[in-house]
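When the chains are written out, they are named A, B, C and D in that same order, and each has its own residue count from 1.
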Amino acid sequence: MVLYLKEFKIKWGMVIDLDKCTGCGACMVACQAENNIAPVVDASDKRRSMTWLLVYQLSNQKLYPDHDVAYLPRPCQQCGHPNCVPVCPVIATDKNEEGGIVSQVNARCIGCRYCIAACPYHARYFNWHDPVWPEGMEKTLTPDVSTRPRGVVEKCLFCHHRYMQARDKARVEGRDPNALAEGDYIPACVEVCPTGAIAFGDLMNPNHKVHQLSKSPHAFRLLERLGTDPQVYYLSRREWVRRQGDNILEHETVEGV
Amino acid sequence: MEEKKEGPSKGAVVVPFLVGFVAAIAFGWWGFPQLLYSSKSQPLNFTHLNHVQDYGIDCEDCHYFRPDGSYAGLPSNEKCAECHSMAMTSDPDEIKFVEEYYEKGVEVPWLVYQYQPDNVSFSHAAHKDEDCTACHPDVGSTNELPPYYENRLTKYSKETMKMKECERCHAKEGASNACQVCHK
Amino acid sequence: MALDRRSFLTFVAGGAVGTLFTPVIWKSIDDTAIWTQNWSWIPRLEHGPKAYAATTCKLCPAGCGLNIRTAGDRPVVAEGRTDHPLSQGGICPLGAAAVQMLYSPARIKGPMKKQADGTHQLVSWEEAEALLLEKLNEAKGQGGNVACISGDENSTMNEVLSGLLAQMDSNRFFLMPGESLTASKAFGSWLKQGVLGYDLENADLVMAFGADLLDSWGTAVRNKKAFGAAHPIGEQATTEYVYVGPMQNTTGAVADKWVSVAPGLEGVLALGIAYHLLQSGMIVPEALDFSSYRSFVLSRYTPEYVSKVTGLSSEQVAELAVKLRRANRPVVVPGSAISQGNGVFSLAAVMSLNFLLHPVNSPGGIFVLPDLPTVVSEAMEPSIIRGNDLVSFVQKITAGKTDRPSVFLVYEANPVHGLPQAEAMSKVFDDTFLASFSTFYDETAARADLILPTPYFLERWDDVQTPHGAGFVSYSVTRPVIKPLFDVKPAGDVVLGVAEKLGLDLGFSSFEKVLEAKTAALAEMDGFLTDKVQPWQVRTGASPAPAAGNQWRNISRGAVWTTAVTPFVPAVLLAARELSQAAPPDVDDWAYPVRLASITSRAHGSRHIAIPPFCLPLLGEEELQGKTFYVRMNSTTARNYGLKANDRVKLVGPGGECVARVRIFEGVGLNVVAAPLGFGHTAWDEFSRGKGDNIYNVLTVRTEPGSDLSVWADSRVRIAKAY
Amino acid sequence: MCDKELWPAGVQRCSLKYFLAWLVVVFAVLGWGVYAFYVVWSSGLHVTGMDNYFAFGLYIIFDLGVIALGAGAFFSGLLYYLVRVEGLKNIINLAVIVGFICYSGALLILALEVGQPLRSWFGFWHPNVHSMLTEVIFCITCYMLVLTIEFVPLILENRKLNKIKLLHHIAHNFHVIMPLFAGVGAFLSFFHQGSLGGMYGVLFSRPFVFREGFFIWPWTFFLFILSAVASGPAFTMLIATLMEKATGRKLVDFSVKALMGKIAGTMLAIYLFFKYLDTWGWITGILPRAGLTFDQMYYQLAYGKWLFYAELGVCGLIPAILLLVPKTRNTPGILYTAAILNCIGIVINRFVMTSQALANPVMPFDRWYVYVPTWAEWAPALAIIAYGALVLSLSYRYLPVFPQERKLNPV
């Protein structure tokens, strides 16, 4: 069933330390501001809200006082083997660019939502409403990310525009745009995180921190056994957290998941 | 044979058909563009050639890369006012710049022939070795600014390069044609 | 040829075929699709060069540095500032939403006067200032019958306001209630010239009692940075964080250890730990009242007693004591989860652990942070301001024990919504002239007779002096990054102008000049800028270069000033007398059997800021549904009161009640209900108005024996299913 | 006023007044649907019950349902024109009309379903050849053309139209080449029925619907074809019966209905054989490999196990037996009941594959949600049914749909 596999020399990836995430949500706010997502009056309608980055609360399901919680920020997992890409009938989404970011071009999207059905992470969002900013607030739109009309699908792109800007800066400075140093390109959520719970870099580059972190015995990926091969890794020293990263049958044991 | 007699003569069929055909062709290729595009002129006539030839200003003095890698496509009022904070001649366009724009603090609403949609992020840095006129009209070697045609439906400039053209060149040059290389 | 039907049809057919060979259809289809990228009701992007402006956040007291990104002079995004010691590149959700708040629909567009029908009408600044002048003149004639409430603990604005009051012979200047008041009651007798700070950065064990260190308490982002640095990603932690508090809030969730103790009982546990430390021979040589403290603790806070009251086992308590004893540089942080309403007992009990563990001013422990010099003539001393108890004052007025001021000035504060027992407390504004200096149309502005809108902090000059909970002295300036969008005026300028017309001399003509003078006054102290060396690094041996050059120029452009100077502390008092008098009784309250653990989170705004539009998506499905908010309790508590998940529940306190839905959350202690502050707004805008209920209404104020302080962090309620 | 000269020769129809009154009812329902179209297109899909969990809703379920039930057209055509099952001659016209209604209706609903209808042509211009949906878009559109071509000669056989020589010739020649279109139609139909199933089967990140398969086609590809073939003839037969009840006239000989029942029963049995195998493989293979159990796939009432037993037992095995045993099949009441159960079973299958597949949380910390359609979804669905009633009413009144009608209803 593998229709679609492409290897890249650069693979931008995140490693999120769930033992450091306080669930404060600064990343979610930064994401909205950076990516020109319109605020909505009733954001409690979670099934229609627009949260490219969403912080889930995980529970170890035990009663007080043995209870424990963890927060899991979920950006688009930028799967190495994305299910959303091959199903798109109009190539509005693709995984074809060096860096391995799954693209989403709203101008091409016809809004069939097949990709939303395909994504088990709920990382894709449909514009149920036309975006509306309170009067004047549209002046805070950044020039970097286009506004989207209703009726199209959108998602986290690892702040792809920052990647483009970093490449341009490298070009103007006479450096190789294909050999960015760690820190040249960082998504907004990573930048603001007050506890530094998110590391970002090239998973293929041994000089980047994420390369080693992704190999940690405490590292895991969401729903790894489905074969989506995400470029987002999570870290936790707590076994119950690692267990919740994937569906586990009762008799199955999880070794360093 | 009988059926043919009952029917109209060949000419009676062919002539209206041809008239309709030709009319449609004429409308489609001549009338339709007139309807689709509105013609606009630049707010000021900027004399590129004079600036380059008479005052020895380099293209890069106004059209330059910022240190962060972005491209300052058009000079701001401030840049122009380095020379034109007061009118130096009686040229009406120069006076208009000073009075209508600079002194009022309003940036000149230049019409960019090649303005790309919001969903496109064109990197000038990546194309800095190309010839500007490969995409832009050659305004630098004349003192006249050509008219600007705006598509009434899409609101884009008629000259805005279509994706096909970008893709063709990228393919030729071996550059990536992945969507997000240009789209944002 | 006549045009009969047949030839017309043939003509049409020809036209149709011809059209296929023209761009008409194909171009139209294509352009229609392109048109959908460009719907006129969806805003287009505006381009412009990218730039940054460094400033300091004023949305909560934590004083973080913000880097405001602009695109062609438009502020677009708030980012962190790596050069600011209070945030070090980090940012909280409220700060991240700072730029968009510029255009909040709740912004006040210009000065407003209350009409007879209770609505507000825009007026000119001349008229507004004339009215303020008239009212202040009346008050001046009545011997200074004016009071002021400031919601900004850290601004030099407090000097301007308290200076005005002082020159009108009034000393009724109050801050919104916070923990510096409690500290002042507990240690004010010997700590005259500063506050206590916590050197988290150099500690190897951080134990927070109540204080929600990693969300909203004190210098929240700096605390998180310290936590983050001590927990390098993917590596073993270098500093252990222990949270002693009522629930697995942000701090409890991520701390290395969570010890569940109901609100109000933190002090009991602390003295239970102190018992073990004292048993092991620890002493506080510099404390004058050590022996009475020692005998009080050893006689009363025996392991059995503490275990009975807190519900923790004796082993658990002993284990915490061992942790503290074994650590090289432990620091204990007292506080309440809502940064207010804490009693002297709780604070002094927890703080005594610090005194036991190490001398004051030792790295990784607690430091005395000196106050900065004041510049406005007759401005109240910071230590005096910290000791003024607003809630007691309001209670005295409503009880008729003191006279009601004829004029109330409220600066960047929202007492109508945010005082404990808010509904009852706000009656203090009946029959007075209430003037509100506010950026947003909050509940207090909605109630005010006169609204004097202040510029948003991105539009004005302001400053932040050492925030509560900091570990070091700091001073940084807030500066305008955009011209005011509306007809607003800096409150400092308004007050200085009115003072002048009142014939008072505060010594300055504009607030900007006050800040310049403040910056100049810093030269009295031996300070440095934090561009290369951070203040906590100085404590472990780094030596900074003294601040040089034009101080105002540097600081007004974003530089942060700090000093490592600590005042000499001859002797300390452990507040043994207050501890023994204020100790909570052993009996339980059966009328209000459930302990209320209030929550504050920066995701819900702050004391004077309602939840911003961009923070709404942060509220989970079980925090807010439509207009109803949720309170949390564990399944045992819920069962005891016949409640299930999603049931509507009524919380009744002695002073008020509110309705919420039940969220079963096992991270809350037994018989505790956790409820968030910051909801139930009635003014503001559509984004925050009418969502949830105001928990401030069910908070219960009691007077702590011994300290005479108003306390409500340990409020209790009755809960029952609501229908 | 009378429209008698437009009726097919030698048959009786109700009075025009009656007919118009009936049309008023039909148009009322249609009007409500048209209003829903307006609301959805002008304000967006937030008026539906769909959300970020339920990317597909009633629109897609309805489309899948009618396309499956409309499969009677291609399968009857295949059997009649290519396999030469002569008995089908008497119902083939109706099968074509029902197919036409189902497909055109489905396409109309699709125009609602996409968020950007003005861009829907991108599916042809910028196709992604890997996407099953691309296959669906191409095949459905092409098959719609074929159905139109198959419908045209029937229209031209209207008494008035057929008098025009040219139209008469066209109709005649169309009939001659009809086997070709039947073949093309069958080919297209096989593919898009399959691709619709394939759309779900390829979702390897949705263990509820993911299936392995043959080459690029997951097993659901073939199961959808078989299930459509099993329900289509039953549905066509039921429509014929419904029309008989509505008009009070005998239109098709019972033997034809029984033949349709036999075809449906046979195909249903074949389908169920594979479906059972597939389900077994799913429970013992795909689910455990994804770390899931059968029990985790069901939730409360809306997505309960009753759906599983209803689909594969009550509406699967039972109608298959009833349709295969000659004795029960030849009893009209049982035949109809079995056919209805058969159709319900297939609709349940399409519902489960769509709604339950999306409701089923894949991330362990995620939860179930229940999808409830709104009026904006029911109205267009009802409107398509009304549209079907309209087309059938007009066709029945003015076109010689049923060759046996004159014989079965002697004047």
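A few points about this structure:
By definition in this document, a contact is a pair of C-beta atoms (placed from the backbone, for glycine too) under 8 Å apart; a residue touches a chain by one contact, two chains touch by 3 or more.
Since we're looking at a predicted model, the values are computed, not measured.
The chain pair with more C-beta contacts between its two chains, of B-C and A-B, is B-C. Annotation: 53 Å between the Cα-based centres of chain B and chain C. Here the spacing of chain A and chain B, counted between their Cα centres, is 37 Å. Distance between chain A and chain C, defined via averaged C-alpha coordinates, is recorded as 31 Å.
Each chain gets a centre from the mean of its Cα atoms; for chain A and chain D, those two points are 40 Å apart.
Touching of two or more other chains is recorded for residues 49, 59, 91, 107-108, 130, 146-147, 149, 151 of chain A.
Of all residues in chain D, those that touch two or more other chains are 116, 119, 122.
Touching two or more other chains at once are residues 32, 35-37, 44-45 of chain C. Under the stated contact rule, the graph of chain-to-chain touches falls outside the line, ring, star and complete shapes.
Residues 29, 32-33, 35-36 of chain C are the ones touching chain D in the complex.
The part of chain D that touches chain C in the complex is made up of residues 116, 118-119, 121-122.
For chain A in complex with chain D, the residues that touch the partner chain are 1, 3-4, 47-49, 56, 58-59, 72, 83, 86-91, 108-114, 116-122, 124-130, 149-153, 222-223, 225-228, 243-249, 252. The touching residues of chain B, when paired with chain A in their complex, are 65, 67-70, 117-119, 121, 123-126, 128, 176, 178-181, 183-184. Residues 8, 12-13, 15-25, 27-29, 32, 36, 66, 68, 70, 72, 117-119, 151, 153-156 of chain B are the ones that touch chain C when the two sit in their complex.
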